[in-house]
Amino acid sequence: MHIGILTGGGDCPGLNAVIRAVTLALIKQCGAHVTGIRRGFLGLLDRQLLPLDEAVVGGILAQGGTILGTHNRCDPFHYFAEGGADVSARLIAYVQELGLDALVVIGGDGSMAIADKLSRLGLPIVGVPKTIDNDLCLTDRSFGFDSAVSIVAEALDRLETTARSHGRVMIAETMGRYAGWIALEGGIAGAADVILIPELPYSVAAVAEVCRRREQEGAGHTLICIAEGAHPRNESMVVSQTLVDSPDPLRLGGVGAALAHQLQSRLNSEVRSTMLGHVQRGGSPTAFDRILATQFGWAAAQLIKDARFGRMVVLQGSEMRDVALAEVAGRNRLVPLNHPLLLTAQGLGLCLGQ
Amino acid sequence: MHIGILTGGGDCPGLNAVIRAVTLALIKQCGAHVTGIRRGFLGLLDRQLLPLDEAVVGGILAQGGTILGTHNRCDPFHYFAEGGADVSARLIAYVQELGLDALVVIGGDGSMAIADKLSRLGLPIVGVPKTIDNDLCLTDRSFGFDSAVSIVAEALDRLETTARSHGRVMIAETMGRYAGWIALEGGIAGAADVILIPELPYSVAAVAEVCRRREQEGAGHTLICIAEGAHPRNESMVVSQTLVDSPDPLRLGGVGAALAHQLQSRLNSEVRSTMLGHVQRGGSPTAFDRILATQFGWAAAQLIKDARFGRMVVLQGSEMRDVALAEVAGRNRLVPLNHPLLLTAQGLGLCLGQ
Amino acid sequence: MHIGILTGGGDCPGLNAVIRAVTLALIKQCGAHVTGIRRGFLGLLDRQLLPLDEAVVGGILAQGGTILGTHNRCDPFHYFAEGGADVSARLIAYVQELGLDALVVIGGDGSMAIADKLSRLGLPIVGVPKTIDNDLCLTDRSFGFDSAVSIVAEALDRLETTARSHGRVMIAETMGRYAGWIALEGGIAGAADVILIPELPYSVAAVAEVCRRREQEGAGHTLICIAEGAHPRNESMVVSQTLVDSPDPLRLGGVGAALAHQLQSRLNSEVRSTMLGHVQRGGSPTAFDRILATQFGWAAAQLIKDARFGRMVVLQGSEMRDVALAEVAGRNRLVPLNHPLLLTAQGLGLCLGQ
Amino acid sequence: MHIGILTGGGDCPGLNAVIRAVTLALIKQCGAHVTGIRRGFLGLLDRQLLPLDEAVVGGILAQGGTILGTHNRCDPFHYFAEGGADVSARLIAYVQELGLDALVVIGGDGSMAIADKLSRLGLPIVGVPKTIDNDLCLTDRSFGFDSAVSIVAEALDRLETTARSHGRVMIAETMGRYAGWIALEGGIAGAADVILIPELPYSVAAVAEVCRRREQEGAGHTLICIAEGAHPRNESMVVSQTLVDSPDPLRLGGVGAALAHQLQSRLNSEVRSTMLGHVQRGGSPTAFDRILATQFGWAAAQLIKDARFGRMVVLQGSEMRDVALAEVAGRNRLVPLNHPLLLTAQGLGLCLGQ
């Protein structure tokens, strides 16, 4: 039995924990031979491999990123390096040449869409969901998300001391272009006073009002957590989308900087913004993510052992299950407006921009 | 509406997050007046109170411990300060004197047993589960546990560098007198090679064999994570319980030190043990625990709002629910021997002492 | 004996440790009465005080920011709230009214310049140097700097995993408008491949060449640490200063983003930039900074005890000494081009932009 | 030019940073060929090598431990594996066979004593001081110490929340068998109320008195930081030394547990002790230690470049200098009883056991 593994899309804490668990499980349970594919699907086109065994995966559980490397633009059905040509046949031929009995694809919705297409063309594929934003369908959580939320919370802890010392409004801009999960959980964990997410267009006036009330009532400072995809209510979604895709000068500094600009003109307090940026997705995973990634890797190995291909492992409630790749591909999971955490935040008096 | 809150039993990261959420939710939703009771049930006997409002709970979310203080020997039905007398009537009278409409009790199985008895005597009580060990019945997780697991994983990360540099066997002893959750999750997250929990009596010979094989096969070092309640297979449970309750000199240094002693005589490598101790339960909660504690606090406030007394909030799967206090009181949740995490650990080749 | 303490300028980890040490030392050694002045010199104008005693300072050592609050625009010789009027006489009168025997001013070069002027007008003042940037004259180190360097190093650790996984150029922009200490030490500690500081104008071509060489030679990724005041060699200092003071659109995202833009056009690899921003100055101080701040506070109390006013405590080598306020006021300490750390960085093959 | 490097004695955060800096400096400056010796002096006897180049040392700066491995019992003048024989001639012959032009020895006083003897026998050796305890002569600091102090301070932060919540006396036992540097700096940074070090024999009664006063005066809890080599005043040094070398049952749990036992009988509050153990010396070094270790490595390479053998690099004040190996070998640097930090601690009202 010879199994290939690749990691696609943006990097994420926990990828190495999945690689380790899949590899160890397949070796221990099935005596499998395991080969890593370098740089996502690209490695199946330019033939870059990394053989995996116990020694190679021995010390990687706690390491950030992926020892296999990744690539976030390689779609074999529209290959960027060959003018958008469909080179999937070449990829499949190489998989057969390698003698792979199955391929484990660890990736986000883009990678799962490719995996689904390859699966329909006959490749035995098992998917593992990877999304720092926690916005993949049908899985309650994915690894990397807890790490990102932790970093946001720690950053808010730090910003709070400055906010309090200066009586300032401090804004932290988090990842989350379409879904607000990171800002929502990070904001709650970091004791933000205002949380702004893409799913709930906000009113600048309402946010300013909260800051002003806090200025007057003694707290004196306000902590705002805004997702990069959040947008003011009066901007239509279309305009907002344009801004996201081709930011104008005012947005160059990010939506946090834009909000700071808008709030500053309405407030006496100083307003400062920090875009947390790429530190949210790098570094060693939290213990939670290491365990979850290990469970995902183990579950993926079980699907392979049972020859249940075309499926992706998911966490539902506290159980590991699996769903068809087709069900996941190309779909996003936004924060539902009646989500318990949203209701909790509102009930505790946090401002959600309304 | 006037609500009291107390924290009982050992301290735990996230207690302040619960206190904050209960207080804010009751003030915002019900316009309630909220009073903290100091030092657990003791404060209802020696009349120590701390009035709670938005200002008091404003900055406590990230703080470890409990601003109310706690006490882990005060049972009003067997009051230690009065020769074991039942002073529950005095406690109830004081609650009535204070005009409390309800009492929120944040505590472990001991506190829930007391809360259940008081509830049967007519006190309107709502419980919030607190257990660093994650061993309370009917709730999948409680706050503090993720923080403890994180600290164990970080300690194992540190010990691993020493183990690897010296080719040593390094042992970390974690909390968990009856249940092995912390050692199990902490050990998986910290890449332990051997995990020993109370639920699975271990064989010293089997553990030594793993260390010896690793000595010879090149890894050269072994990382062991052992719960304080783990015991060798040949000791009967009775003997073991005696050891736990009145430790003999050999156990004075803890079960980790005892295991080190036993392994050292069987191995060439140096064996060293570290008892992680109280650092596992102190300090700022992880982001995960801050969110979970906030949700518990919010859910407890909803029970009060709806006058659903005699119940404790729980997390089941990913949902907040509630159960009768009587169902929880005095029961422990051990690691089931078919738990998915145990199977995962075994499947990845970790030694569980067998 | 009645002593006042204030914190001026931007906040900085360790301010509370100084406040605590000054307060405890004066109480224990001199039986002094200690009063905190709120919000820097502003509190001596709008009469906001916070009495300090052992209980108040008991738990603040590890807290970020300043419990006294601070203000970074209040100069009593040019009072912003009264059209730039000189209100120093009013301030001095209030100090006399309060019966202060001395005033401890914890602040940066701006605060020391004010302290020096007030000192010449007869106020008994002792200064404690505060500069996150480590650029105050005559002191080798100040508290807060080690904390900032730690945060930069940790951020680079995180960014490295993304850089390595994607084969990217990752840029971290640090604080340091005039002096490059944070970028230099943070960059060395975080294993940056390129470090760009204000003292050494850089060549974009040279930096691109380093990235390109690394692309080809196998490392595949490059980590760049750039101080916010760093500027390309071909820009004259005048132009650069203008950019710093009134940033054009290209600089809105910071010098890191501008460099990313310039490098991207010269490279195949993706280039990404993160501005670390305010998280560098918030949060709990490192152990090193807690100790240094405690020593500064203790030394300031000794100056007061010995009635040696008009002086600021400094660290020179490993000794606490003191210098005249006038020697420090308004002067910056840049990284000398022959500084051992610069030579070390160059000697290890790091690119400094040349 | 062919240079060997080895690491001896106990592991310590920053060893890899030294290895990296020595290697890079020698390659970049001298075009040297660099070979790592595995497991300290042992590797020069059983011929275990690890060739070092830029790729090997590329990612190790932030890693704890030593990639070369270490051994803390191998003395070629009394070789444990051959009945204490002097095998130094064999070691020197192997060094010549390898064609090493010089050897860099990173180690503590034991390793420096060996290095000094080998140097007198003609081996061109350069030493780099390694001591987690900060007790090597003639250098103000060594790498690893700041990391250990940070871990102690963080542990005290955690223990404080439990102490405060329960009104307990919490004891943390740190490393430091002969010198109290870690307990002193860690205790100050972690806001300990009592610091006990080997240099100052303590009075149990005095410590109990401090705890009792705090019980009564409202703080209610006490934080004690004790070095493993601290001993009560009434024990003679001889007895104490015996206890350190062959601990009786009462000391099996460590001096912290012994102190807890003694205090408990004198106090109402609960007393708890935690031995921090090996976590103090493992894991990634602090930014400070990474920089210091890098500077040491660079300085060692300069000594080699300049053929200045038989010397060890040291930090004096803020300058890198070097001293003769003979001056360092076998000597310890204790905390002088008039050290500024001791005076500061006393002046702030901390109890030092008197």
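Read from first to last, the chains carry the letters A, B, C and D; within each, the first residue is number 1.
What we mean here is this: a residue touches a chain if its C-beta (ideal position, glycine included) is under 8 Å from a C-beta of that chain, and two chains touch if they have at least 3 such contacts.
Computed from a predicted model, the values in this text were never measured in an experiment.
Common neighbours of subunit A and subunit C under the contact definition above are absent.
Chain centres here are means of the Cα atoms, and by that rule the chain farthest away from subunit D is A. Between the CA-based centres of subunit B and subunit C the separation comes to 41 Å, rounded to the whole angstrom. Inter-chain centre distance (subunit C to subunit D, centres taken as mean C-alpha positions): 30 Å. Residues of subunit C in contact with two or more other chains: 154, 157, 160, 164.
Looking at which chains touch one another, you get A-B, A-C, B-D, C-D. Of all residues in subunit B, those touching subunit A in their complex are 21, 24-25, 28-29, 54-55, 58-59, 61-62, 140, 146, 149-150, 152-154, 157, 160, 164, 185-186, 188-191, 218-219, 284, 286-288, 290-291, 294-295, 298, 301, 316-320, 340-341, 344, 347-349.
The part of subunit B that touches subunit D in the complex is made up of residues 7, 10-11, 13, 15, 39, 63-66, 69-72, 151, 154-155, 157-162, 164-167, 170, 249, 252-254, 257, 272-279, 281-283.
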